[in-house]
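Labels A, B, C and D are assigned to the chains in the order they are written; within every chain, residues are numbered from 1.
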Amino acid sequence: MSTVMEKPDPTVTTSKRRLPGWARGALWAVVAIGVLSTASYLTDMPILTSSDTSQTALRLGLPILLAAIGGLWAERAGVMNIGLEGMMILGTWGSAWGAYYGGVWVGLAAGILFGLLGGLLHAVAVVTFNVNHIVSGVAINLLGLGVAQYLATLVFEPISGNPRESPPVAKFDTYSATFLSDWLGALEDEQRVVLSDVAGLLRGLVTHVSPLAMIALLLVPASYFILWRTRFGLRLRSCGESPVAAESLGVNVYLHKYIAVAASGGFAGMGGASLVLLEGGADYLENQVNGRGYIGLAAMIFGNYRPSGLLGGAALFGYADGLQLSGGGAAVLALCYGAVLLLAIIVVLQLIRRHWWAAAGGVAGAAVLYWIYWTNDELPSDLIPYTPHFVTIIVLAVAAQRLRVPKAIGQQYRRGEDT
Amino acid sequence: MTEPEPVVELTGITKRFPGVVANSDVHLTVRAGEVHAVCGENGAGKSTLMKILYGMQQPDEGTISVGGEVVELRNPQDAIKAGIGMVHQHFMLADNLTVRENVLLGAEGLYGMGRKARAKLAELSDRTGLHVDPDTLVENLGVADRQRVEIVKVLFRGARIVILDEPTAVLVPQEVDALFETVRSMQADGYTFLFISHKLDEVRAIADEVTVIRRGTTVGTVDPKEVTSRQLAEMMVGSELPSPETRESTVTDRPVLRVSELRLDADDGDRSVLDDVSLTVRAGEIVGIAGVEGNGQTELVETVMGMRKASAGTVELASSGGELRDITRLGTLARREAGIGYIAEDRHRHGLLLRQPLWSNRILGYQTREPVSSGRLINPAAARQDTERVVEEYDVRTPGVEVLAGALSGGNQQKLIVGRELSGEPVLLIAAHPTRGVDVGAQALIWEQMRAARHNGLAVLLVSADLDELIGLSDTIRVMLRGRLVSEADPATVTPTELGSAMTGAGEEAA
Amino acid sequence: GCAKDSGGDGNQAAGDGGGGEPGSCVTNEAPAAPENSKKEQTTEHGDIDAGDLKIGLAFDVGGRGDASFNDAAAAGVDRAVEEFGAEKGNESPAAGSESEAAKEQRLRQMAEQGNNPIIAVGFAYAEAVRKVAPQYPDTEFALVDDNSVDAKNVTPLVFAEEEGSFLAGVAAAYKTSECQVGFVGGVQTPLIKKFQAGFEQGVKAAGGDNIEVKSEYLTPAGDISGFNDPAKANVKSKSMISQGSDVLFHAAGASGQGVFEAAATNDALAIGVDSDQYKQKTLADVKDVIVTSMLKKVDVAVFDYIAAVAEGDPGDLPERFDLSVDGVGYSKSNPAIEDVTEELEGYKKAIVDGDIEVSDTPQG
Amino acid sequence: MINWRTALLPPALAIVFAMLLSSVALLISGANPLEAFATMGAQLFHGNTAVSTVNLAIVYYLAGLAAAVGFQMNVFNIGVEGQYRFAAVVAAIVGGWMQLPPVLHVIAILVVAVASGALYALLPALLKVYRGVSEVITTIMLNSIVFGIVAFLINPEQFGVLHGNNLSTEEIAPSGRIPGIPLGEAGTLFGFVVIAVALGYGYWFMLNRTRFGFELKASGESKTAAAAGGVSAKKMTLAAMLISGGVAGLVAMPELLGRDYVYAMTATQGYGFTGLAVALLGRNHPAGIAFGALLWAFLDRSAVSLESIGIPSEIATIMQGTIVLSVVVAYEIVRRADLAAEQRRVGRAGNGRPASVAEGGAV
């Protein structure tokens, strides 16, 4: 059995002219900022676009981003990776261990290495032994947890006196582009519509940035470049699209899958390291990964298996999470308001395209959100922590998806056995 | 004429699969610069032999020598190094990758991935007649272009020995001619070809030598100039070459299917893939639709089957009483229940559940009908029994009905489908490329069955790229071009060439 | 230019409204401290021989070394082993997502192996104890943090968290210079709400309406990730600090570290919970900001319980370990608290004497 | 068609392999592997462990069935987790509030549970079918959101009750409970086992005997072929997701109606994720899923038993992961061995002659 996500029906050929991917991404970003700044102005919630918010978004989105990049590498090579969570856990242990003995960079390397080992195990199971990808992933999540606990008891407890935590470890220093940041800060304080909002959001991204964050952000274009512009990347992706064809052209499918899944683990391990090595982070702490691997996987699918898309997914999640943490219910309500604005724009677009049903759906959604905004001063506090999850679903429901899933994903490929 | 020396020599090749010996002591000698055809029935072991030569499968016994040296081909890379390239029977293309990516894959080392590679690709595209943007996704290409991409792939790698495994099965005559032209010009440049086809006329037209394989072993090698197609077929099967001719007409005046002013808009809404299509099929009549792939035949068939929703127009079908009933709003299942049988053009995509046993495939499309189902409940015992009947009547070669459909050779898969679709006592059969990729024996059987059913009053809507088949079987031929039915031809008088020019629109422009 | 951010000059902390000096926000005078505040309160147990006791410890998630109540329970047992010569029996922690049956199995297993008494740490064991205890009538069970089990051989060990937290609130009121303090709860459970309730009352008692208290939680009841997510706690605390709070009290388990780090990088103060977090090894980096910790002395309760079992009368224990029996309290290890201990002792006495009643549910 | 060798050899191999691997971990941490394995084996003959293993397996079995229905249709319902928890809390609230005569009460609760589970699966199903949104994302998100919903509903301000420091729903009256099957000393088996077995049979029957099951499988294997056969992939996706959610709704019922009678803040989580693995371990076959569920439950129980000889639970977790991997790897190894043997058999039988081709494929 192979579990495959919705495959696009190739008989449905869209021959329509479309904007190139980067342009659409940029357009969406502009629309999003416009909507946010309008909402923040109309609801008097500057937090929607403050530099603190974008900074926390970056920080909370970082582990998810790295996990998502890990997911991208594996899934592009045709291997489903539910085991990201376990690989991240291994990464947290490894990075704490490395950082304790050798400083942050050693910590980062060790985190990557441990995640990579998790990835290799997945590769052995899935590629060499043809194990169902989900079973292997679930097993790796178990193993990651167990092994990290086991090692923590063995190694950390004697030092920290606590089997669940490591001793304090070194953290990455942060850097600011002082001049730029000051200038943006001045702009932000001027409280001018849109301009100040953009300045605020940008400023958060140039102040208190750690090298790890920079590396992670660079990994997005780097992944794009490697996977889409190099021969290695082409071969890797071909394994996810049609391993038989790849093999028939002399591509060593097993090797590429191995590399991809190991790299996937490495990135996930790096994601784990980002939980440990950033200022305000936890050192090693049992259970600190707490589902971020799954969220990373979701962000990757959200981004339609593309680097820029998964960056959007992780940013959205981090943004909404940061917002609910620092702004609470009021900020979330303001976000609702923003969503109403966004829906209004979409409804207009759909009306222009004469998609009556879609427009009606948009109107209904906007009405519900506006009603929530209007009738509540505070949302139920129990639900607020899950704002990012709601936001993700709503955005997807609105944007819809034409998923381009790697064709051979989840397939148990055996050399010489076709179909 | 001096005999050129052999470039490829296969000696004593034996290959076993679980349950099957695909090749047994096969001998094959190919000389430099020739086009060497390999013929044989479905499942005779042709593809397996070629895969062995291409390093995709390892022989259990036997040796391969290329250019006079014994080589061991452990994987395609070895074969590519030895100058061998292969165009597979089932396209080996990654749909989600672009044309350029598909071509470059695995051969990035030759010309890099930049300008040089582009230039080479452009040159080869030109040579093979591939006129598409190298950045389009393969998913969006038609079969002929896919075929060309496959050939470009091989040439890009600098192969001097090219294996073409059933390259013509999906091509229309003009495309076949274009392909053959390419082959000939390359032959002149010193390329060597191994060519597989079930169309014996083609084999005779292009090949310098023909090796016939029967039941996994070589029967002999002949000069195509000196044998007739009939003789070739006899070598393969020991039976006569069938022809798809229909003699006496059985056409009645009772309409079974009436399609009126059917329109289907493309998914993005700004053009029509079917435009104002009207046609009638009467009981006992076979209406053939000719057309170059991609002109709306697929869509017509799928709209009549209810798999696509018509944007305008009506589809009417005769009920058991004989009067026409509007079925435009019915779903596929309801239409099937109303008496439509359906042989889909792509048996793997639309015809079969490849990982299910044969008897399970017998149920598909008939899950609500006796004998295999009682409406809500499936009756596996009855399904097994009826599948055995189909296997028997339609000569499906299989060890049993528990075999997975995917393990059957293409011809036998097709016979199973034909058997199934004629079991439901349909009033209308929609047959799209019913004999594509099927060997001569199986082809004869399928034609025979269709004729018999027609004789009993079945109405048939036949879509085929095989013009001989179309002319031979049809009572009326309609030509489809860009989503419209543009002309009509009398099968008694029309020649394939005329039909071919009508299909490409040459006739229309002239008129 | 691009510059490395030096240590603690991060986001300028704590706005600039409000007061100035610590203590300036306090409006109400503290009750008088008792004459002899140094009185050692621990009950003397004389020479107890508990050599025939084999103590079983069933931990909640985390187990020994969690620097929280599991660890405290373990410390109580260790002390009893040392002082009374009791035998250390089995110990085992619950797994993160284990089922109810696993808890029962654990207790049964311990009983069968002759552990007596068996101490179940955490209210998650309530159901399991309710089921298992009657099946082993000769075994004594103690249940930490829950008094809902009514059985002869079950002794509840519950605490007046709100009273300890009240003192934390008083300390916060004295330490704030912005007249705004905050409470960060890990998971919004009834138990953690007791901390919040006590803290808020303590702040009010000292500062009246002059001091604002903001109380926030990371996750709702049932989502225990709130106890394990320092990163989120850090973000939350930072935002509370930037909105003006300059003393934060946390009851967020391991997430607390994020609170301390936020305080450390933003010139604020923090108050620890459960054990004396100032002394905790894993927090060595940030200990200076931990002015005090609200103590919940599970170790004392466990130790007293073992003593009582050894003497044959566990029924004799206090119904609730509150301030009067020193079951809860505050830590004085950080010298920074010294200037307000007098006031804290005053409030403590008032509570012990019953002059101040602390409610265990948040008001309003 | 059951080949006992292929069915039973792999687990046996896997156990040996996993034992070897775990021994290494045990030896490193200074424990005696033999003692550990002996303890794991012995636990089954001790007290009520065997029965409670089966009880837990019942829960896993239901979760496995729920996941398997999705897998049959190629939908990856990773949301069994959220669906069962949502259903559990709703069913517990409604069950605690309802006053009905005995059997009716139970039926009503079960109906509510199934409906709530399906309801919670409805959104991802609709989004998948009508908006093309991957069910993997939506269900992962809903798995988190369910925390908030449970907390909200279980709050005393809504439907919750506070006892001690715990929050839970109202207790379900005895009329709404499913009596256990007392096995004396060995403990009490959940009465729900009967329903679980029936459900397993129902699942098998549905897939292999009903038109609906046929359509589900067909659509799961090839949407296009099924569509040509008159099966709407949209309908099937919706149905699979809803049925999967409905079955997921029952996951918490054995414990709720057979042991706890309330759904508490501290109720166990994670059955849904286990269900995914159990379904795939059992290759989506009802008997296989039962095997997977029992194995998993046994390993869970072993974790606690191993504590008694001082082996920390993380070793048990490691063993669990190892065994799961070993089982699937062993299946593959046996499959390959079978294939090779078959190939040799053909070679010998045909003696190089193409005899079997005649029956295999050639005309």
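Methods note: a residue touches a chain if its C-beta (ideal position, glycine included) is under 8 Å from a C-beta of that chain, and two chains touch if they have at least 3 such contacts.
Fair warning: this is a prediction, and the values are worked out from it, not measured in the lab.
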Using the stated contact rule, I'd like to know whether A-B or A-C comes out ahead in C-beta pair count. A-C
Centre-of-Cα separation between chain B and chain A, whole angstrom: 44
How many angstrom lie between the CA centroids of chain A and chain C, rounded to a whole number? 36
Taking the mean of the CA coordinates per chain, how far is chain A from chain D in Å? 29
Starting from the mean Cα coordinates of chain B and chain C, work out the distance between those two points in Å. 76
For chain D, what residues touch not just one other chain but two or more? 147-148, 151-152, 155, 224, 313, 317
Where in chain B do residues touch at least two different other chains? 354
Where chain C touches two or more other chains, by residue: 188, 219-221, 223
All chain pairs that touch each other: A-B, A-C, A-D, B-D, C-D
Chain B - residues contacting chain A, complex: 54, 56-58, 75-77, 80, 86, 88, 92-97, 101-102, 104-109, 113, 139-140, 153, 266-268, 270, 298, 354, 406
Which stretch or stretches of chain A touch chain B in the complex? 10-16, 229-231, 234-235, 237-238, 241-242, 244-251, 404, 406-407, 416, 419
What part of chain B is in contact with chain D in the complex they form? 14, 16-22, 24-25, 41-45, 60-61, 214-217, 237, 305-307, 331-336, 342, 344, 349-356, 360, 363-365, 367-368, 373, 375-378, 380, 397-399, 402, 408-409, 411-412, 439, 441-442
What residues of chain C sit close enough to touch chain A in their complex? 1-5, 10-11, 62-67, 71, 96, 188, 216-221, 223, 225, 228-232, 234-236, 238-239, 242, 254, 257-258, 261-262, 265, 281-285
Okay, in this complex, where on chain D does chain A touch? 25, 29, 71, 74, 76, 78, 123, 127-128, 131-138, 140-145, 147-149, 151-152, 155, 223-224, 273, 276-277, 280-281, 283-284, 312-318, 320-322, 324-325, 328-329, 332-333
